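After this come two complexes, each holding chain A, first together with chain B and then together with chain C.
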Partner chain A sequence: MSIRTQDYQAHIDEANCKLILSGSLRLNAAPEYQPISDLMDAACVVAQQGSPAILTLDLTDLRFLNSSGINLLYQFVLKVKKQGGLGLRVLGSNSNAWQPKSLSNMVKFMPTLELVMT
Partner chain B sequence: MGGLIAIGRLRVSSEFDDEFYLGLPKSLAPWDAANHVAQFLSAWLEETLKQRQFSVDSLNYVINELMENAIKYAADGRIELAVCVANDALLVSLTHPLLESRAKIYQALAQQVFEADPELLFAEIIERNTDADAGEQTGAGLGLVSLRQNYQAGLAFGFQRQDSSEIVQTTTQVSLPWQ
Partner chain C sequence: MIATGTQSSISNTLRLMAEESESPIVQALLSAVDETEMLHQSVIEHSSELENQLEQKNRAIEEILANMRRYLSKSLFQRISGGKSAQAGSTARRNLTVFFSDIVGFTEFTDMVEPETLSLVLNTYLGAMTEICDRHGGTVDKFIGDAVMIFFGDEEDDDPVQSARACVAMALEMQSATSALQAQWAKFGTQLGLRVRMGINSGYCTVGNFGSGERVAYTIVGGNVNVASRLEHRSEPGGICISGSTYALVRDMVDVRPMGALTVKGVSHPLETFAVIGASEITYDNPWITVHDQGFSVRAINFQMGALSAVQRQPLREALERALSILERD
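Then we have the complex of A and B:
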């Protein structure tokens, strides 16, 4: 399952229970982000069948994310926390300037979330 | 002309060493214009201001956020973007017309972003969006508060009401301290 455009890619790596977002995401508000939100939900279903049930969200190659996209990520974290039963690991890169700034707060919203910055 | 309502300290041309202006009509600003303008100005200023230390990525984010807001919400008219070089900071200033009803909403949001603890407000906006339908969710408040929280940016806003019209000229100024 994947979405590929000129600007960004979103892909579920089922074998590794991983959702990979890459490129530059500058979509206009929540309705335009809906296909990615749907893909995130599908990735949760895949990851819930794993043992342990952990979804890895790989943002290492996501170079740019606008504030609507940041909202999407945080809404997703809150949804996973609320539903329970699924762990969340987020991979980021310090070489993408927005990531250390914007991802570090996620742990406050979901204390069990594992944030790995490289 | 009505009076200017300012939130924060709006800075004026006499305070700047240099200014770079870009103006375009709203009708020629599709969504992609935010990206194009942000990419172009960031790359160009990286070359032009080599003697200054600033984050090109931060500048890119700021311009993109302000332009996205203008493209979404501005009334018909001219969107004017200025990047200003001051002693202490690089400023991005965006001015555009807003319908009065929209300007009231933006003014209340600006006041909140200016006064609130950015960390608490960030959490509040995320929670608020959780309860909203997808169509009602917006990154507007989140974008402004993230500028304060994540980029240590200073914010100022201006609202210039014009008599005999429902248009409010709205200015958003973001200052990024030199590194």
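Then we have the complex of A and C:
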């Protein structure tokens, strides 16, 4: 399952229980982010079959994310924490200037989240 | 309306009351409020980070633009920074007035002086010429050593008559400015007799971006460009040689002397040429004086030696001379 546009790509790597977001995500508001939100929910379903049940969120090549996008990610982390039963690993890159600060804030929402910055 | 501080104090009081409550609903609500606050705060931090990065990038772009401005003519800079195409191949035919100039004997001079003196002389000269060109709305196409190539009329809505008039007015002002520079250079000990030859021609040329995908130059090409260059070589030292096509557009603003016909390769008929003797009247804008039917007004002058460069003093001198000539009329 994947979404591909000129600006960004969202793709589920089922074999590795991984959701990969890349490119530049600057959609206007929550309704425009709905297809990505649906894809994230689908990735959770895939990851819950794994053992251990861990979903990897690969944001290494996500160069830009606007505030509506980060809101979606934070809400997603909160939802996963509340539902329980699924671990989260987030991959980021220090070369994307926005990531070090904004991704480390994810740990506040879910202290068990594993953040791997490269 | 409740002041922010009061709101905060009410919110704190409510929170203290809620924290004392043992109701699971109240506790769940408190937890949801905490999460929402944290979410709100984190999104704001993310936005601030993006805004700060944007500001840094803007500053970097401004620095690049400031550097770029020094290398490009005013009109070309505006063209590029205004988002107009800089792709090779974007060209148009326009009725332009083209100007060429060079300093007589400059090559010999370069062999005689130290590089520092050469740099000083050339930079003050080119700086002064560029400033005059910008003021008249021309585009400096290029400098080749001491030679300068300028054109007028490349914008779609430019009037060819106005372009020719602006170019000739510029050339006249440049010739006056060189005498002021001459005095300045004498102070540095240079004995260069600064006499500049100028050539001007008007006609259709192709203007636009020429070059490769990697590097383009905004320039002009065509037979009329070559004619302007030939006129410059034909000019007397210290003079301005214009073609018949330019003269037809500026007839009422300059006095001229015919210089005979010029045969140019590729042009079937000989071209008429004229030497500009001087302005019939001061036609370029002089900020110091306004002349009208009943007399003139001179701007208040608070002159301090050193505050104006030799080139900047030139229009003031001309304005005062003009005022005197009007006063001396019968």
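Simple rule for what comes next: the second predicted complex is superposed on the first by the 118 of 118 C-alpha atoms of A that agree within 3 Å, B and C clash if a C-alpha of one lies under 4 Å from a C-alpha of the other, contacts with A are read in each partner's own complex, and residues count from 1 in each chain.
One rule holds in what follows: a residue touches a chain if its C-beta (ideal position, glycine included) is under 8 Å from a C-beta of that chain, and two chains touch if they have at least 3 such contacts.
Predicted model, so just to flag it, every value in this text is computed and none were measured.
A.B. asks: After aligning the two structures on chain A, examine chain B and chain C and state clash or fit.
C.D. replies: clash
A.B. asks: Which holds for A:Lys101: it touches chain B only (first), chain C only (second), both, or neither?
C.D. replies: The answer is both, since A:Lys101 touches chain B and chain C.
A.B. asks: Could you tell me if A:Pro31 is touching chain B, chain C, both of them or neither one (first, second, both, neither)?
C.D. replies: A:Pro31 sits against chain B, while chain C stays out of touch.
A.B. asks: Which partner reaches more residues of chain A, chain B or chain C?
C.D. replies: B
A.B. asks: Given 20-28, 92-100, 146-154 or 164-172, which one is the stretch of chain B whose C-alpha atoms run into chain C?
C.D. replies: The segment of chain B occupying space taken by chain C is 146-154.
A.B. asks: Find the residues of chain A that appear in the contact set with chain B and again in the contact set with chain C.
C.D. replies: 66-67, 70-71, 74-75, 78, 97-98, 101-102, 105, 108-109
A.B. asks: Applying the document's contact rule, which stretches of chain A touch chain C when the two form their complex?
C.D. replies: 65-67, 70-71, 74-75, 78, 97-98, 101-102, 105, 108-109
A.B. asks: Help me check something: in the complex, which residues belonging to chain B touch chain A?
C.D. replies: 31, 34-35, 55, 57-58, 60-61, 64-65, 68, 72, 119, 122-123, 126, 129-130, 134-135, 137-140, 142-143, 146, 149-151
A.B. asks: Which residues of chain A touch chain B in their complex?
C.D. replies: 24, 26, 28-31, 34, 37, 64, 66-71, 74-75, 78, 96-98, 101-102, 105, 108-109
A.B. asks: Under the stated contact criterion, what part of chain C meets chain A in this complex?
C.D. replies: Contacts found on chain C: 35, 38-39, 42-43, 45-47, 49-50, 53.
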